[in-house]
Amino acid sequence: MDNELLRETLKSIEKGELSVDNAFANLKKMAFSDIGFAKIDHGRAYRTGHDEVIFCPGKTPDQVRKIAIELGTCGKLLATKATMEQYKAIKEEFEEVIYYKSSGTITLKAEETENTGSVLILSAGTSDQAIAEEAIVTADFLGSESKLVADVGVAGIHRLFSHQEEIDKANVIIVIAGMEGALASVVAGISTVPVIAVPTSVGYGASFNGLAALLTMMNSCAPGVAVVNIDNGFGAGYLAHIINSGSN
Amino acid sequence: MDNELLRETLKSIEKGELSVDNAFANLKKMAFSDIGFAKIDHGRAYRTGHDEVIFCPGKTPDQVRKIAIELGTCGKLLATKATMEQYKAIKEEFEEVIYYKSSGTITLKAEETENTGSVLILSAGTSDQAIAEEAIVTADFLGSESKLVADVGVAGIHRLFSHQEEIDKANVIIVIAGMEGALASVVAGISTVPVIAVPTSVGYGASFNGLAALLTMMNSCAPGVAVVNIDNGFGAGYLAHIINSGSN
Amino acid sequence: MDNELLRETLKSIEKGELSVDNAFANLKKMAFSDIGFAKIDHGRAYRTGHDEVIFCPGKTPDQVRKIAIELGTCGKLLATKATMEQYKAIKEEFEEVIYYKSSGTITLKAEETENTGSVLILSAGTSDQAIAEEAIVTADFLGSESKLVADVGVAGIHRLFSHQEEIDKANVIIVIAGMEGALASVVAGISTVPVIAVPTSVGYGASFNGLAALLTMMNSCAPGVAVVNIDNGFGAGYLAHIINSGSN
Amino acid sequence: MDNELLRETLKSIEKGELSVDNAFANLKKMAFSDIGFAKIDHGRAYRTGHDEVIFCPGKTPDQVRKIAIELGTCGKLLATKATMEQYKAIKEEFEEVIYYKSSGTITLKAEETENTGSVLILSAGTSDQAIAEEAIVTADFLGSESKLVADVGVAGIHRLFSHQEEIDKANVIIVIAGMEGALASVVAGISTVPVIAVPTSVGYGASFNGLAALLTMMNSCAPGVAVVNIDNGFGAGYLAHIINSGSN
Amino acid sequence: MDNELLRETLKSIEKGELSVDNAFANLKKMAFSDIGFAKIDHGRAYRTGHDEVIFCPGKTPDQVRKIAIELGTCGKLLATKATMEQYKAIKEEFEEVIYYKSSGTITLKAEETENTGSVLILSAGTSDQAIAEEAIVTADFLGSESKLVADVGVAGIHRLFSHQEEIDKANVIIVIAGMEGALASVVAGISTVPVIAVPTSVGYGASFNGLAALLTMMNSCAPGVAVVNIDNGFGAGYLAHIINSGSN
Amino acid sequence: MDNELLRETLKSIEKGELSVDNAFANLKKMAFSDIGFAKIDHGRAYRTGHDEVIFCPGKTPDQVRKIAIELGTCGKLLATKATMEQYKAIKEEFEEVIYYKSSGTITLKAEETENTGSVLILSAGTSDQAIAEEAIVTADFLGSESKLVADVGVAGIHRLFSHQEEIDKANVIIVIAGMEGALASVVAGISTVPVIAVPTSVGYGASFNGLAALLTMMNSCAPGVAVVNIDNGFGAGYLAHIINSGSN
Amino acid sequence: MDNELLRETLKSIEKGELSVDNAFANLKKMAFSDIGFAKIDHGRAYRTGHDEVIFCPGKTPDQVRKIAIELGTCGKLLATKATMEQYKAIKEEFEEVIYYKSSGTITLKAEETENTGSVLILSAGTSDQAIAEEAIVTADFLGSESKLVADVGVAGIHRLFSHQEEIDKANVIIVIAGMEGALASVVAGISTVPVIAVPTSVGYGASFNGLAALLTMMNSCAPGVAVVNIDNGFGAGYLAHIINSGSN
Amino acid sequence: MDNELLRETLKSIEKGELSVDNAFANLKKMAFSDIGFAKIDHGRAYRTGHDEVIFCPGKTPDQVRKIAIELGTCGKLLATKATMEQYKAIKEEFEEVIYYKSSGTITLKAEETENTGSVLILSAGTSDQAIAEEAIVTADFLGSESKLVADVGVAGIHRLFSHQEEIDKANVIIVIAGMEGALASVVAGISTVPVIAVPTSVGYGASFNGLAALLTMMNSCAPGVAVVNIDNGFGAGYLAHIINSGSN
């Protein structure tokens, strides 16, 4: 819990403006509401700057729907890796939600906001599209101007170099690559901004579902790279946004 | 190679200010100088914003010394994971270098610069000190105001919460933890800024030299976390600095 | 075999109350009955305090049914990770069995018993529900008063702290978490009682089907934690019960 | 932080017995004292029932000594996996400390206390002695009556069965085994109490420094077993004690 | 190629009984016949004592059928891990083949032979039945008298001890176990004959599809154990038979 | 980018034959064309000697079709691991494409070319057929005379030795083997030419989907062996061709 | 415990020849003697046919000496992987012990026995000598006529074939190989007897200290192979002896 | 054994020029000579084109010396990964041997030969020097003209592009890289010739002693790459030579 919040609450008690029992109850109530199988974290935006996001795998459509109701009250909602069924359950409550099929990302945005800054997403191959979509939808949803340059893997590295201008303009770059994942090191070697690397499970055999790319990115010989989980386009988009929004 | 640089060089040829052979030679020469066993990357600062850093393991003291001579001409130098012998070899050439013993980091800084922004480094235990030192020395060297709060592991999580104020002020946070590495998730859950997680090889048995902490951090249930290599304090300090310097 | 049992049997022989052949036969018969593909361990309650439990995967519905007939003679029965088909096969014989769908747990309990003590089950996320159900049904079946607090993962750690009172009252705590599994360390740091950690296979990518959470929990920097197999809600419930029942 | 503690502090403010600033300061001060490289967790006994224990690897003798001074003020101290040098550094301050050489465990106990309950430690082979020593010294230090039965591995399983009486009397059993680690399953099959399994790094080749034993114990076909980290005798001793002390 | 065969062929040439070209052709022809996608190894019985066996996975029903025609000319045939389709393809050619459904083993045996010696197969649980079936059918097919004792896992180890007599009579013992695989060590500790251990993929979570059992068996603290591949009932049955047939 | 190409372009500018802007545009245009989700690498043949090949997994049939249109303009096309749907999508545009079903390889070859040199493909078992097909189709497509000798695994090693003549005539040998993958070492010990080893995922249990064969081949005690990814018949065929075409 | 032994003891009680207390005491005493840190398993020869063997790693020289005194009373002793210090400690008590330096094996044999049967040991390279020595000394000590053929790895497979005669005469074959471990499959393909495979830690890089050879041997495409632990020459020698001694 | 050799020997017998016993003896003698602990493979040059090479680790200096005497009779010798002691042992017999210290490679070459063709070795960093030395010395020893370009890792990828001319001239390229090993993919994307990739153990943390680089290279998105063992400079040099020598 935030120290300032605690201090102010303590002061209100001292001044007699707040009874102990009420203070105690409020402190907890502010933080989350309990719907049985889940505790909706209403305090998250206060603590981390952003609302809770629904990670859909392993939840029933009905559970997803109920969490969405709690979270979507102010007209904003982000859900990731959702199935068609989970999407439909949310749509029953929120007509305007958009469903991005490749990645299963769901967004609800009350009004058009003007995004700022610049997040550049570079993907190594056409097969990495789903994860790239998850990343760009997330960064856009949170308020970052985002651009995807697809299919610039190192087998034809000149395709990457033809985008040097976009690389130079970005505040932060997301690199998405499966197979050997070498793109992250190369990009970090020609860029001045933070590079977030997303290994994908694209590949076969000794790619071991993304482990090869993960290790490659972890061992980047160029500094300025950090890595998120395999196929975690959401995590990369989120992190890119908070870096980007601090850069303006 | 940078597109702008290429375009300008092309223009100089068009204007007749530059012969083709000279242009060709220059384009290569600008980029690096070759000392046989190594190619010193003088173009790196141009491309990535910072000079090449000497990664010392596997190099002889004499190799380290020669690379230092090439890189240190403008009075700045950063070398990581250096042994005492490698340090002494550099000191022969640069009297003013500083050697940080826990981590083996070496710095040379011509004049006192005023650092800006705010990088907060949180380490889980006393045993993580070497990696924390590498991170803070790196971030400081590059120009970021940095602060270390040590020994705030989750076994006594109130120690962490008592530093909420510093957490709230930071532009970027580095979390350094071995054993189970749980600190990164907790910090990301109470912070609005990017969290760079550094797994360390502290631990024994099923820590598998840092693999356990690495996987923990990779799977963080709180967004906003990205991970660098095990024991890579330098990489975290570097990345934190470029995020921090973009935030001002 | 139990020393006391052996000694008493030996005494009966000495006194001439029991022939050698009968003693020999009885000693074996007491222990189990053989139904061909399985040996029902009737002596288990005598040795370990509890009857054998049916682990359903890999058994045909008919095998499960036959084992249930052998074990359920005194009106009690526990079966884990059962499919709907296996449940139906048991139901043919025992009308009153209850089937818990999320986890596939089956229970039969002749009469209502009054449970005692206190087992607290904390789960990190909604997706861990199946395993939490298996744990709570098991502990309840065996005779422990059990309570589940769901969705208190470390991304919003205040949700956990609001349950400090329940934590303080428990005799033993089960922590169920997938992804990075950090919850176990945090709970052990704020509790005086044994913590049984259950890694779950919830997650993706570098969670490696629960391996990440398992390693995290194994390396807990807070003492007082021990770990059971990935997704082993039954094992945790069983162990929690025998700790709890010794605590009163 | 403990809810009761918080509520009482709040009440004292309401009654005017405590100023806000003092309350704020006290709440933090009660929890730990900061000696720069470490934060001594004085609140741990309050939260978890036991003082902080010094995990020695990766700390300098001087750091260990300083932490010992902070923690040992009330004449009690436990340190694990200490080298001879670390032991000597502590001995300078506390003359009466005892050093257990096989395991590197250090204890300081002001006065003779009478231990209660019963912890039984079963080790599979002579080579597991160091870890067994760490476990028994820990449990004894914390206040549990403890007994070690060494060298009862499954290659000669009758050696185990001859100790059935001790197994029946124990409140909790620690099983320590390297190589294939099969002892834990066998013990759990003939006992009614919790079994804490400690895999050790004893073995070679495909034991992979204890990984084989860890996996064996994790997959125990007998319920009632939970596992701590490889070579973690301390963790097992600690957990055994808190189970044992709850059992009386 | 066998030295004796080579020497005799050389002698026939010397004596003029055999031309060089014919000798050369024959030497190759004796060894195998080529049916395009496969080379049927007719020389295997000569070299290893037994005909080639059809490993069915990855082959089309038609390929299996054609290989069966080549191998089954003398009325004997063994095929493993076959699907129903592969079985039907063989049955078209050989009406009398028997199909064992649990394991997918297929046998064809021209006339009733009298098996000799004694192979004992001990399986840990009911779920290991498929692999046990593959082992016993294989050993029986090759000519060994075989007996299966199922469900004698170490959780109720007295079930095993009640079969000491059969253990004492066997020439070789096959131990089949999944989960933690501890049974092999226990059996080797109470037996004087070779123990062939078969880890099975029965289990979940940290059993990692049989890896845990494999490592357990590899690290057996009792000598006299060797291990075959996970789920390799055929390999165990084959090896048991050649040990058994040498023992009479 | 190729130095010669760069130098010539620079010269054209110097001579005034080419404006800077046109030169800049051309340099990029020559390299690839952008169809949104993919950048077709038209410069690849110039750089590597061969056109881009379509790796089909993870692409929609429509994406595959569109890429094929871009690449197939000169009547040649190679696509690997394609499904029937992807094949049909290509066939809509190019009537003459051939589909190899076992491996899912697709080829389009405008006119009959005469292949030269000699690539020998040795596969260990019938189950390795799909990968062998991918290798031979690839080598043939690129212009190498190729021959497959199937089912010469080391369990009947004389089958291999009867092909010594073909081994002696080859310019390069591809060895394809799953299970234990021992064939590569044996072949390298009796051959003077480069051996490309392809581990396959054929096997079960501890083959870990080809990992066992991969490690075997990596550790070959005979020199002259290099390894490609598990099941990567295409990569082996490609590499074999470029070795073979250099050998004439 | 042996059923026959139990039955006879029971009969003695029935006949009044043995009191219950004495019977009880004797049954335990027969099995082992307790020297504190170890329980010497005097019943092992009765149960398994051979005395306990001293596995030296992790034991102090003094512990080894004391165990040797207990075990060596009848003039026979086998100890494995002993250091020079451990050897000297035993030599103090038993002047006639022999120390095999490469493997650290120690033997004591009262009188010359005539060995029978035939164990053939094939090692792949000169570097595997230590493990081969451990295997041959073990088999010889136990009473098997043993022969070593060294350096017959598959890189020059004709070296192996020149020993076909010895292969044909052996009752059992031990194959010892590091690196890729392919020798076991080849040998099993040309032999009619059981093959015990010993992976060794010889190799580097992706041999992963013997894991590559272990997996190779586990996946042998030729049946008749079983595998013991990496570097476990003792286990192979022991198993070979009990197979061999059953074969006469 | 070579078919031609066999056929000719058979013919000599037929013609009466050779007795059976002599033929039999010769066939074996030609192949190798037996010096007890090793079988020197004199037939290897006949079979594979090159003499046996001494892999030094795990051999005593005296063993290395004796093998060198057998192999070095015609004045040529290659030994790898030798210690100073092993070198000195060889030097006693062959005064002119050269010792390359970084890699421990030893060569003896009777007279100066003129090397032909072109092998290009590209190494990623200065720390990869030892492996690069092993590769270049091997290729040179066998007869290939070789050139090393060091320190062209992807963090400053322009350093690589400045060597495009050498890349275009090579017949085969060896890429040596540790850490993330991305260099191999980039090189394969800009070259028309075979690329042999050597992962090195340079790196730390999640490089896992070269495993990360190995997986990266295995998963190269650019075709034309094959991989040898971690740190296997010899294997790469050998394979490069046989490709190179076939290319002229």
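Letters A, B, C, D, E, F, G and H mark the chains as written, and numbering starts fresh at 1 in each.
We adopt the following convention: a residue touches a chain if its C-beta (ideal position, glycine included) is under 8 Å from a C-beta of that chain, and two chains touch if they have at least 3 such contacts.
Keep in mind that what you see is a predicted model, and the values were worked out from it rather than measured.
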item	value
Equivalent of D-E within the choices A-F, A-B or B-C, defined by over half of its residue contact pairs recurring	B-C
Whole-Å separation of chain centres (CA-atom averages), subunit A against subunit C	38
Computed distance of Cα centres, subunit D from subunit A, in Å	40
Distance between the centres, which are taken as Cα means, of subunit E and subunit B, whole angstrom	58
Subunit G, residues touching no fewer than two other chains	1, 44, 47, 125, 155-156, 161, 188-190, 205-207, 211, 214, 218-220, 222, 229
Chain pairs in mutual contact under the definition given at the outset	A-B, A-C, A-D, A-F, A-H, B-C, B-D, B-F, B-H, C-D, C-E, C-G, D-E, D-G, E-F, E-G, E-H, F-G, F-H, G-H
Residues of subunit F defined as touching subunit G within the complex	124-125, 153-157, 179-182, 185-186, 188-190, 203, 205-208, 211-213, 215-222
Subunit H to subunit G touching residues, read off their complex	1, 28, 31-32, 36-39, 41, 43-44, 47, 52, 55, 57-59, 63, 67, 81, 199, 201, 209-211, 214, 229-232
Footprint of subunit E on subunit H - complex, ascending	6-7, 10-11, 13-14, 16, 19-20, 23-24
Interface residues, subunit G side, partner subunit H - complex	125-129, 150-152, 155-156, 158-159, 161-162, 202, 204-207
Sites on subunit C touched by subunit D in the complex	1-4, 44, 47-50, 53, 161, 164-165, 168, 171-172, 188-194, 196-197, 214, 218-220, 222-229, 234-236, 238-239, 242-243, 246-247
